[in-house]
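A, B, C, D, E and F are the chain letters, set down in written order, and residue numbers restart from 1 in every chain.
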Amino acid sequence: MDASMMAGLEGLPEEDKAKMASMIDQLQLRDSLRMYNSLVERCFVDCVDTFTRKTLQKQEETCVMRCAEKFLKHTMRVGMRFAELNQNAPTQD
Amino acid sequence: MASTNPFPEGIAKEQAFSMAQTEMEYRVELFNKLAQTCFNKCVDKRYKEAELNMGENSCIDRCVSKYWQVNGMVGQLLSAGKPPM
Amino acid sequence: MDASMMAGLEGLPEEDKAKMASMIDQLQLRDSLRMYNSLVERCFVDCVDTFTRKTLQKQEETCVMRCAEKFLKHTMRVGMRFAELNQNAPTQD
Amino acid sequence: MASTNPFPEGIAKEQAFSMAQTEMEYRVELFNKLAQTCFNKCVDKRYKEAELNMGENSCIDRCVSKYWQVNGMVGQLLSAGKPPM
Amino acid sequence: MDASMMAGLEGLPEEDKAKMASMIDQLQLRDSLRMYNSLVERCFVDCVDTFTRKTLQKQEETCVMRCAEKFLKHTMRVGMRFAELNQNAPTQD
Amino acid sequence: MASTNPFPEGIAKEQAFSMAQTEMEYRVELFNKLAQTCFNKCVDKRYKEAELNMGENSCIDRCVSKYWQVNGMVGQLLSAGKPPM
């Protein structure tokens, strides 16, 4: 990705590099917030199913915490595998 | 017109706008996911009438409250930076 | 949200306030259009299941209208609850 | 270089671009949701062949037509501003 | 779409037309990439269900290829119908 | 300050930024879809514990590998421009 992406930006003045860095920061912030939203949605959907009270029951809380931790660990693992694949050929079979 | 710093104000200002926009998009997405999720959990899909009945209304209120609580819990987990492994 | 969001923008010249207002308008327009698209998708998925004719049958029309009204009312109610929660502590348990 | 109005053209023009972009994004999203939905409703997921058969093709045509009709109905409901409560 | 969309841009200088064209290019590129991602996700979800090996089995490959071709043909057909409807009245019943 | 070409650098540069952004968004979306899909395929939703067990971990590794392979296959199909009809 990086190589081709940066093609048009090589050797640009400092101002553009700063703009680029700022753009990347923004995308990362946006992505983190989206991940946060998805995590909440998923764990709510999977763990909360009774609406007789307005606060979480104990076992719903436990379920949500496990779900969130499990999803974070899963995402880290996928991230490592994804990085390995990106370093090798564009496609691997 | 010339400044000692080659790119001060322009970038900082754009960044502030951009952060404000990202924050607003986050809120909108949170609201939308909450609304979709609670509709799925609480509303009868046979659509026998156009009104929400009492059971649906109280389910919706509790669903929003619980969703908000889950949002807080996950937020704490993430900001605690608790290493997930 | 607003307080922290506006942090970098306080006391800015009129031009920036106008830019900010314009951005908010754009986001609201975009959000309305997305809501419109989601509403159409949901009510279509829930109400239309026969494809022997190219126009809606009477009971499909009725179903779509009820679905749309119900979803709008639901969204208004969720909006009220959401606003209440946002005014109180960031998290409520 | 200087104008009496401090921010006339720039903002108005940006707004026009931004509206055009929002409108295009709306069309694209409408098309994508329609395509995904009709694929789900009409196409056999066992993928026994790479071609769409006659039944699938006519289902798709009707599905697009009905989706368009629902889009119009919901649009009318929303623009009527009919207070939903 | 086009008529109303272009309303604010009619008779603008060349620079703005170029900017507009560039924006449309970007949106099309973004849309193609999203379609690509959706296609991969859908065909993976529909065709791959065993994880005892790290490479695709023959019948999974066949399924993915058929799924992708079928989805592309479907999208083309929907595109034609959609264009017809857009040329007529805004709503058709 | 004046150039013969009325809009050369500005647009070309904006376009380069915009392409870079689109490319990054594509990568992020690919990663997110992959992660969501493999979570659905591999992880037990009863959440009896907070750890991924061995079976889940090896399922995830294979799932990522197979998803990548499907991504490559579809990419080849699309870039072959093979007319789908």
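Here is the rule we use: contacts are C-beta pairs under 8 Å (C-beta built on N, C-alpha and C of every residue); 3 or more make two chains touch, one makes a residue touch a chain.
Given the structure is predicted, the values throughout are model-derived calculations rather than measurements.
Participant: Please find the path from chain A to chain F through touching chains that uses the fewest steps, and give that number.
Facilitator: The least step count works out to 1.
Participant: Which other chains touch chain A while also touching chain B?
Facilitator: none
Participant: So, what's the distance in Å between the C-alpha centres of chain E and chain C?
Facilitator: Whole-Å distance between the two chain centres: 24.
Participant: What's the distance between the Cα centroids of chain E and chain F, rounded to whole Å?
Facilitator: 15
Participant: Could you work out how far the Cα centre of chain A sits from that of chain D, in whole Å?
Facilitator: Computed value for the inter-centroid distance: 27 Å.
Participant: Indicate the residues of chain A shared as contacts by at least two other chains.
Facilitator: Counting only residues that touch two or more other chains, chain A contributes 19, 34, 38, 47, 55-56, 65, 69, 73, 93.
Participant: Chain D: which residues touch two or more other chains?
Facilitator: 15, 19, 25, 42, 61, 65, 69, 71, 73, 75
Participant: If we trace the ring from chain A over to chain B and keep going, which chains do we hit, in order?
Facilitator: From chain A, continuing first to chain B, the chains appear as A, B, C, D, E, F.
Participant: Touching residues of chain D toward chain C in the complex: what are they?
Facilitator: The contact residues of chain D facing chain C are 6-7, 11, 14-15, 18-19, 22, 25-26, 29-30, 33, 37, 40-42, 58-59, 61-63, 65-67, 69-71, 73-75, 77-78, 84-85.
Participant: Going by the contact rule set out above, which residues of chain A touch chain F in the complex?
Facilitator: By the definition above, chain A touches chain F via 1, 4-9, 12, 16, 19-20, 23-24, 27, 31, 34-35, 38, 42, 46-47, 63, 65-67, 69-71, 73-75, 77-79, 81-82, 85, 90-93.
Participant: Would you tell me which residues of chain A are touching chain B in their complex?
Facilitator: Checking each residue of chain A against chain B gives 13-15, 18-19, 22, 25-26, 29-30, 33-34, 36-41, 43-45, 47-49, 51-56, 60-61, 64-65, 68-69, 72-73, 76.
Participant: Give the list of chain D residues in touch with chain E in this complex.
Facilitator: Going by the criterion above, the answer is residues 12-13, 15-17, 19-21, 23-25, 27-28, 31-32, 34-36, 38-39, 42-43, 45, 47-52, 56-57, 60-61, 64-65, 68-69, 71-73, 75-76.
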